[in-house]
Amino acid sequence: MLFKVAMIVEIPATLAPEEAQQLKAKEKAYSQQLQHEGKWRHIWRIAGKYENVSIFDVKDNTALHDILMGLPLYPFMKISIEPLCRHPSSIHEDDK
Amino acid sequence: MLFKVAMIVEIPATLAPEEAQQLKAKEKAYSQQLQHEGKWRHIWRIAGKYENVSIFDVKDNTALHDILMGLPLYPFMKISIEPLCRHPSSIHEDDK
Amino acid sequence: MLFKVAMIVEIPATLAPEEAQQLKAKEKAYSQQLQHEGKWRHIWRIAGKYENVSIFDVKDNTALHDILMGLPLYPFMKISIEPLCRHPSSIHEDDK
Amino acid sequence: MLFKVAMIVEIPATLAPEEAQQLKAKEKAYSQQLQHEGKWRHIWRIAGKYENVSIFDVKDNTALHDILMGLPLYPFMKISIEPLCRHPSSIHEDDK
Amino acid sequence: MLFKVAMIVEIPATLAPEEAQQLKAKEKAYSQQLQHEGKWRHIWRIAGKYENVSIFDVKDNTALHDILMGLPLYPFMKISIEPLCRHPSSIHEDDK
Amino acid sequence: MLFKVAMIVEIPATLAPEEAQQLKAKEKAYSQQLQHEGKWRHIWRIAGKYENVSIFDVKDNTALHDILMGLPLYPFMKISIEPLCRHPSSIHEDDK
Amino acid sequence: MLFKVAMIVEIPATLAPEEAQQLKAKEKAYSQQLQHEGKWRHIWRIAGKYENVSIFDVKDNTALHDILMGLPLYPFMKISIEPLCRHPSSIHEDDK
Amino acid sequence: MLFKVAMIVEIPATLAPEEAQQLKAKEKAYSQQLQHEGKWRHIWRIAGKYENVSIFDVKDNTALHDILMGLPLYPFMKISIEPLCRHPSSIHEDDK
Amino acid sequence: MLFKVAMIVEIPATLAPEEAQQLKAKEKAYSQQLQHEGKWRHIWRIAGKYENVSIFDVKDNTALHDILMGLPLYPFMKISIEPLCRHPSSIHEDDK
Amino acid sequence: MLFKVAMIVEIPATLAPEEAQQLKAKEKAYSQQLQHEGKWRHIWRIAGKYENVSIFDVKDNTALHDILMGLPLYPFMKISIEPLCRHPSSIHEDDK
């Protein structure tokens, strides 16, 4: 089941740079692990912004919630979610 | 070069149903042609809405403009666009 | 899997009253059928408004989409959706 | 008498973690006590967010006010309230 | 139990003037009847606008809903509602 | 001359609790003095919020400005004002 | 007593041009009469828009209401009002 | 050439009171100097707010920019600007 | 003196196609005449939208107003204006 | 390929003035270097604000992203981006 998730990251200036770097490294590893498992299907950077738009493929709402709550940068994110369906015009078997 | 495009469709009640059907059929053919050409990379339906979120892969801004202007349902759409880049955490070679 | 769905109904003045009445009767029957099936778990009226807030219990996003698209008053509704999870403080076994 | 209450929790980074934990434990106990009393009828988590949507069943506006003011996390919440009525299509005797 | 209700009236240009006049006359009679019964406690005009702000004193949410749904101009109103309580600083015995 | 004034109070966490208490006590005394003088005609609490809605009866705009500037909690308030007139449907001699 | 009033004019395409011209002529005469009486102290055009910003000098809120309700173009205006006071830095005796 | 400028002042609680007083005194002197020069044509207080609405008469956009950048309280202001023209209904020779 | 002007064009479906075509042809000629005169310095299409962003170089606010009011498509445009100055970092002699 | 980029700069009061000065000097040098390379085609100041509107001419979205991420003041900016195309009415060969 697919969800579009938009994440806006706002790391406060009060966070020590080395701590920020550690969190970003953890975030990358966490994201890539989920991409390898097929749960985080796509991730793109919004040009010019510290934001991404992602597609998740999860079992249910709770699985999505647990993944997002586990994001190392979650405390510094604004997240918006839209549940997706297969589009009747889509020719791509995967996009459902 | 990738763009996220969100399309909200609002067909007015004054449009004759058969005309609406024809437009929708043309829209589907137009979309599938562009999907086969690789320019309309993804299209998903937003659950519960007459809206989609799509990923386009085009040569430049003008190519995107021309594709969108050619949409049979364009006069009834609200469109928002965000230019995308490859995300540094992405493991998918295609998502750029 | 639960979703909160808010529906704002705006029937245009141009719709003939008897047609509006027929649609409302169909809407009621459709809603009650889904309530009996356990898919439309709750529906409340927002005081003073032609709006409702509802809880749906469906298999997945597509099931929700199909139910909402089938609403007889769908063409006259503004719909907003939030996917829900069981709350860790909830004592109600059903609210998940 | 029913009210829908949406609560968005924003615990500031300046709050000591152990204090935050204590407040959350108190919040859970407070919520469950009110659920047992039948005043806090439903509570759901919004997927991917530190937010909930709840249904309260109280005597009057003042009873609602007093319950919300007593929330241990109240100083860190944004709250929005909508008074509810029984919906004419509802088949559930309790939803009023 | 008190509620603040704001009503914005937007009578469409397509409504025949005599029909509009009849509705306004009915609205006035309806409002004054409820004022005499003590249910519509205050009504003020917002200066320069076809809007009012009112205070209702009703038994519960459903009573408020039924009163508002009965407004002759209801189909042409945008309504917003806020439940009120007695303010701890108030010296007026009635304002609760 | 009447004005509706809505006040949203947001006391910052950095204000010492005893100082906050003193300000609230001063605020209450200030409000009650103006109520006794007939200038602060009504004050209601918005249920579930640290907000009030009030009706002021003052000589002119400057008198309203001076009263609001004198509020002990003014530095922590967001204020919105709407000038009021007698409503043509009002039966209450005082509501003007 | 001074008020700033912003007026946005939106004459619908369905209004016959000659009727629109008559209304505009009446609007101009009405405005100039009030300017001569000193009640409509200033009127400026917002560059590039069919909008104005005006300063009114009236006895009270009701006088302002009656003047605005009498505007020939009132049914096609969106109006916003802000009550003004003399500014402590002002050197102009008239600006109060 | 005229501009309407709205200024909302938000002095942070972290600014020392004596420093705030000095800035306000400088602001007043700066404003009055420009009023005497005829460049700051009007300034009014918005009732109940630490805001003003002003009319500037300047040579061009750059002159307006330089004046606003020189405001002692500029770092604590939110500013919005609208270019003005003489209104065709205006009878005041100066309002252009 | 420079202004940024954003124009959103919304031609209503009720306008006859040939009339729309005539207006667009007039609009193009009008725009190109002003570009040749140096008053309409730049015009760009927003990708995917029937909108443009333009830079005007005019004598004063009134000259800008008169140009915009003369746009053949003006009745179908939403216009927003921002006065510009030379930027201190600019190396382009013309951009002032 | 052209993009309009709007940048709003908000340097926090907690940044030491000399550090702010250094950042601004770096920003100016960075901007002028890109202007000399032809990638930052235009930059204008919004009158009365610490904001600019700019036109970039870049190879693709990623080139734009990299330039913006390299802005010395980037951490203190709010950025909005619109992809541009040549306008069919434009007579300027460069504006594409």
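By written order: A, B, C, D, E, F, G, H, I and J. Residues from 1 in each chain.
One rule holds in what follows: contacts are C-beta pairs under 8 Å (C-beta built on N, C-alpha and C of every residue); 3 or more make two chains touch, one makes a residue touch a chain.
For clarity, every value in this text was computed on a predicted model and none was experimentally measured.
**Student:** Look at interface G-I and say which pair in D-F, D-E or G-H is its repeat, using the rule that over half of the contact pairs are identical by residue number.
**Tutor:** Comparing each option in D-F, D-E or G-H with G-I, the repeat is D-F.
**Student:** Quick check: more C-beta contact pairs at D-E or at G-H?
**Tutor:** Taking the two pairs in turn, the one with more contacts turns out to be G-H.
**Student:** Nearest whole angstrom, what separates the Cα centre of subunit C from the Cα centre of subunit G?
**Tutor:** The separation of the two C-alpha centroids amounts to 45 Å.
**Student:** Just the number, please: Cα centre separation of subunit C and subunit D in whole Å.
**Tutor:** 22
**Student:** Go ahead and note the Å separation of the Cα centroids belonging to subunit C and subunit E.
**Tutor:** So the centroids are 28 Å from each other.
**Student:** Counting only Cα atoms for the centres, state how far subunit E is from subunit J in Å.
**Tutor:** Subunit E and subunit J have C-alpha centres separated by 51 Å.
**Student:** Hey, what residues on subunit C touch two or more of the other chains?
**Tutor:** Expected reply: 2, 45, 47-48, 61-62, 64-65, 81, 83-86.
**Student:** What residues on subunit B touch subunit I, complex-wise?
**Tutor:** 5, 12, 14, 61-62, 64-65, 68-69, 75, 79, 81
**Student:** With touch defined as at the start, can you tell me which subunit F residues reach subunit G in the complex?
**Tutor:** Those in contact with subunit G are residues 1-3, 60-62, 64-65, 81, 83-86, 96.
**Student:** Applying the document's contact rule, which stretches of subunit F touch subunit E when the two form their complex?
**Tutor:** 2, 4, 27-28, 31-32, 35-36, 42-48, 52-53, 55, 82-92, 95
**Student:** Give every residue of subunit C touching subunit E within the complex, in rising order.
**Tutor:** Against subunit E, subunit C makes touches at 13, 45, 47-49.
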